[in-house]
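You will see chain A twice below: alongside chain B first, and alongside chain C after that.
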Partner chain A sequence: MGLGLSFIFGVMKIVNLAHGDFIMLGAFGAYLGESIWRINPFVTLIIEFIVFLLIGLPLYYGLIPRLLKSRDPEMLSLILFFGLSQIIEAIGTMAFGNNPETIDPSVIGGQPLVIAGQDFPFVWIAGVVVSLVCMVGIYLYLYHTRLGIATRAIMGNREEAQSSGINVHRVSALAFGIGLGLAAIAGVLTPFMLGAIYPTMGVDLTITAFAIIVIGSLGNPLGTILGGIIYGLSMMLMETYLPSWSSMIPYVLLILILLVRPSGLLGRRTRNA
Partner chain B sequence: MTNLLELRGITSGYDKMQILWEPDIHVADGECVLILGSNGAGKTTLLKSLVGLLPAWTGTIVLDGQAIHTHSVDQRIRAGISYVSELGIIPTLSIEDNLKLGAFYVPAQERAQRLREMYDQFPILAEKRRGLGSSLSGGHRKVLSTAKALMSRPRLLVMDEPSAGLSPLLVAEIISILQELHTEGLSMIIAEQNVKFLDIADRVYVLDSGRIGFSGTVQELKDDDAIQRAYFGVTRHG
Partner chain C sequence: MAPERLLVVNNVVKIFGGFRALDGISLDVSAGEIVGLVGPNGSGKTTCMNIISGLYRPDGGDILFKGKSVRGKSMHVLSKSGINRTFQTPKPFKGLTVRQNVEVVHRRADRKASVDDPLEFVGLSHLSDREAAALTSGQQKLLDLARALTAGPDLLLVDELAAGLSPVELDTIAERLIEISRRGVALLIVEHLLGFVNQLTQRVIVMNAGKEIFEGDLASAAQNQRVVEVYLGQ
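This part shows the complex of A and B:
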C-alpha cells in the first residue's frame, strides 16, 4: 500500500495525499468488475495497473511540472493533493453512495494455508504474494532497466539527472503512473483485506500508507517494506491485546518515529520535507 | 576555423533578477574557451542557459549552424553538448551507472563498448565500478564526471568549475586530462576562477556581473595590464 506513495515521493519529492483515494478507486474498480462483469480480481489487478498507469501520465503533465516550478513544491503538493483527494472522495460518494460495499471472498478462490497449526486465509497469502511481486517488479525496474537508472538518477539529484540528458518529465510521469498503478493493485486487494469498502476510506488509507513509509524512510522502497512489517506486527499485537486502541497505531508510530528518528529507520538524508 | 557554438544577446537570470546581460560568446571547432570570473560573475548561469537548465530570456544559441535555444535540455545533449556541473555525478548511483547515464541515448551494445573504453582510459573507475559515486574522493569524482560526460562522445564539452574543491595537485591532474582531450580535438568551454586553466585555453572571456569584460587570446589577456589589475589584482613591476 505504501510502495506507490514512497515511489512517487522518491522521484518527485511530493506527497500524494490522494494516494488513499486512488486505492479506494481501485477497490471500487474491483467491486464493479466482479459484481457487473464477474471479472476475477487477479485479472482486475492487471487491468487496473495498466489503466491507472495510463491515467497517471496526463495527470502528471497536468499537475506536476507547474508544481515543481513553484518555490515550495513539497508544501504546495500537500495542498494540491489534499484538494484532489477531496474531489475524488466527493465523486466517489456521488457515484457509489455512502453505504459500505463488499466482495464475496470466495470469488478469489483458493484454500486457507496452515502454517504451524495456524490457519491463514488464502486472501492473506495472495496479498503477500502480490506485494512481493510488486516489490520485485519495482526492484527489477529500478536496477535492471535503462529507465530504472534514469529514475534512480532523478531520485538522487533531479537537476544533475536532467543535465545528463534525461527527459525528467517523461521518466517522472512514468514513475507517477507506476505509483498510481501500485495504489490500484492495493485497492483491488482492499475489499478482501479490510472486509468493506466505502468512498471516504481514502483518508485513513493515506495516513496508514504515510505512516508506513515514514517509519522506513520516505522515498526508500526498502524502507517501505520494513515500515510495512513493523506496522503489520504492531497492528496484530494491538488487535490481540488492546483491540479498542488498535486504530491509533498509525498515528502513534508516526509520532514516535518523527520524535526518535525523523529520517526513518533506513533514512540517511533521503527526506527533505 | 568555423564556429561550433555561438551565443548572441543572451539574457537570463533567476525569477526577476537578471544575471546575464547579453554576453556574446563563440567557440570554434576544436577550440578550448575559458570563461574566467569571480564568484557571482554569472558563469554558472551562463552555462546553465547554454545547456537549457535555465531558460534564456532573449538571444540565440546556435550549435553547428542549428538554433538550439528553444530546445529542451535532453535535445541539446543529444545535439552534442555534454555538461559537467560542479557536482557532475549522481552520488547515490554506482560509478558504472553514472557512466551509463552519460550515454543514456546510446544503444546498449555501443554503450558497453564506450564503457570499456572509459575503463581503459581511467583505470581507477574500473577498479571501483561497483562502488557508489559518493564513495569517491573529490579528485576521482571529477574524473568520473569527466568520463561520464565523454560517454556521449560530445562535440562540445561544457564544464563548470572543474577545480572547485580540489587541491592544487588534483587541479593539475584534471588540467592534464583536459589538455589531452583538447589535443584530441574536443571543443571545450570551461567556466573557472582558477587562472591555471589558462594553460589549456585558446581564448578567454572574462565575465564580470554577467557582462563580457574582456575577450581575446590568452596572450592578449596576459599582456593587458588593466585587465590584470581589474580582475586578478595583479600588478606588473619593472
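This part shows the complex of A and C:
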C-alpha cells in the first residue's frame, strides 16, 4: 500500500495525498470488473496496473512540472493533492454512492493455508506474494534497467541528473505512473483484505500508507517493507487486546516515529548547522 | 582567420522578482578557448552559467551555440548538444558508487570510450567502488568534472572548481583543464581564485551587478580603475 507513495516521494519529493483515493479507485475497478464482467481479480490487477500507469503519464505532465517550478513544491504538493483527493472522492461518491460495497472473497479462489497450526486465508498469502512481486519488480527496475538507474540519479539530485543528459520529466512521469499503478494493485486487493469498500475510504488509506512509509523512511523501498511489517504487527496486537483502540494505530505510530526518529527507522540522521 | 565562435551570449537579461541578476550581459567563447568569468559575490556569474546551461530561462536576449539559438532549451537537451557543466556545490547521486555516477552519463552518452577513462583523467579511479556521497568535497568536485567530461562536451562550464581543493590538487586540475582545452573543448570558468584563473587563461570577463565591466587580460584587469573599485570598494 505504501510502496507507490514512497516511490513517488523518492523520485519527485512530493507527497501524493490522493494516494488513498487512487487505491479506492483501484478497489472499485476490481468491484466493477468482478460484478459486471466476472473478471478474475488477478487479471484485473494486471489490467489496472497498466491503465493507472497510463493515466499517470498525462496527470504528471498536467500537474507536476508546474509544481516543481514553485519555490516550495513539497508544501504546495500537499495542497494540490489534497484538492485532487477531494475531487476523486466526490466523483467516486457520485459514481458509486455512499453505500459500502463488497466482493465475494471466494472469487479469488484458493484454500486457507495452515502455518504453525494457524489458518491463514488464501487472500493474505496472495497479498504477501503480490507485495513481494511488486518489491522485486521495483528493485529490478531501479537496479537493472537503464531507466531505473536514471530514476536513481534523479532521486539523488534532480539538477545534476538533468545536466547529465537525463530527461527528468520523462523518467519522473514514468515513476509517477508506476506509483499510481502500485496504488491500483493495492486497491484490487483492498476489498479482500479490508472487507467493505466505499468512496470516502481514501483518506484513511492515505494516512495508513503515510504512516507506513514514515516509519521506514520516506522514499526508501526497504523502509516501506519494514514500516509495513511494524504497522501490521501493531494492528494485529491492538485488534487482539484493545480492539476499540486499533484505529488509532497509524496516528500513534506516526507521532512516535516523528518524536523519536524523524528520518524514519532506515533513514539517515541529518544535522542542521 | 578569426577562430569560430562556439558560444555567443547576446544581451541576456534575467530578473528574479524585481532584481535584475543579469542586466544585458554579452560574451563569446571560441572552440578550444579558456575564458575566465570573474567578479565579486552576487555579480551574476553563476546565474550566467545557469542560463547558458539551461537551468534558468532568460527573460531577454539570446544564446547562440554552434550558430543556432538555444535560448530556453532544457538542460538535458543542451547536455546532449554538447554544453556540459560542473556545479559550485556538487551533489553526487546518493546511493551510487563513484563509477556508477559516471556510468549514468556514460550510458546516456553511449560512448565507446571506457567509463574508467574520465575517472583516471581526474585521478579518482582508485576510488571507483566507493559510495560517492562518502567522498571529500574536493573529490566530489573532481567526480563532477569526470561526469561532465563523460558526456563529451564541446563547451564545458566550470563553476568554482578550485574552492576546497588543496594546492597540489589545484596544480593537477589546472593541467587537466588545459589538456581538455587542447582537445578542442571550450571552457568558461567561473572562479574566485584569480591565481588559478591566471594559470589557465589571460582572457577574463569581469562582471558586476549583472553586467560586464571589463574584458581583456588579467594583468590589465588588475590595473583597471572600475575593476579595482568593484573589488576593493574604493
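To be clear about the criterion, the second predicted complex is superposed on the first by the 268 of 273 C-alpha atoms of A that agree within 3 Å, B and C clash if a C-alpha of one lies under 4 Å from a C-alpha of the other, contacts with A are read in each partner's own complex, and residues count from 1 in each chain.
Basically, a contact is a pair of C-beta atoms (placed from the backbone, for glycine too) under 8 Å apart; a residue touches a chain by one contact, two chains touch by 3 or more.
On a predicted model such as this, the values are computed, not experimentally measured, just so you know.
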Where does A:Q86 make contact in the superposed view: on chain B (first), on chain C (second), on both, or on neither? neither
Figure out whether A:R146 sits in contact with chain B (first) or chain C (second), or with both, or with neither. both
What is the contact status of A:S246 with respect to chain B (first) and chain C (second): first, second, both, or neither? neither
Once chain A of both complexes is superposed, is A:S263 in touch with chain B (first), chain C (second), both, or neither? neither
Which partner does A:S234 contact after superposing on A: first (chain B), second (chain C), both, neither? neither
Contacts of A:M155 with chain B and chain C, given as first, second, both or neither: both
Chain B/chain C common contact set on chain A: 146, 149-150, 152-153, 155-157, 159-167
Seen from chain C, its contact residues with chain A in the complex are 53, 55, 74-76, 79-80, 84-85, 87, 90-96, 100, 103-105, 107-109, 144, 147-148, 151
Show which residues of chain A lie in contact with chain B when the two form their complex. 146, 149-150, 152-153, 155-157, 159-167
Of all residues in chain A, those that touch chain C in their complex: 146, 149-150, 152-153, 155-157, 159-168
Chain B residues within the chain A interface of the complex: 51, 53, 72-74, 77-78, 83, 85, 87-93, 97, 100-102, 104-105, 108, 148, 152
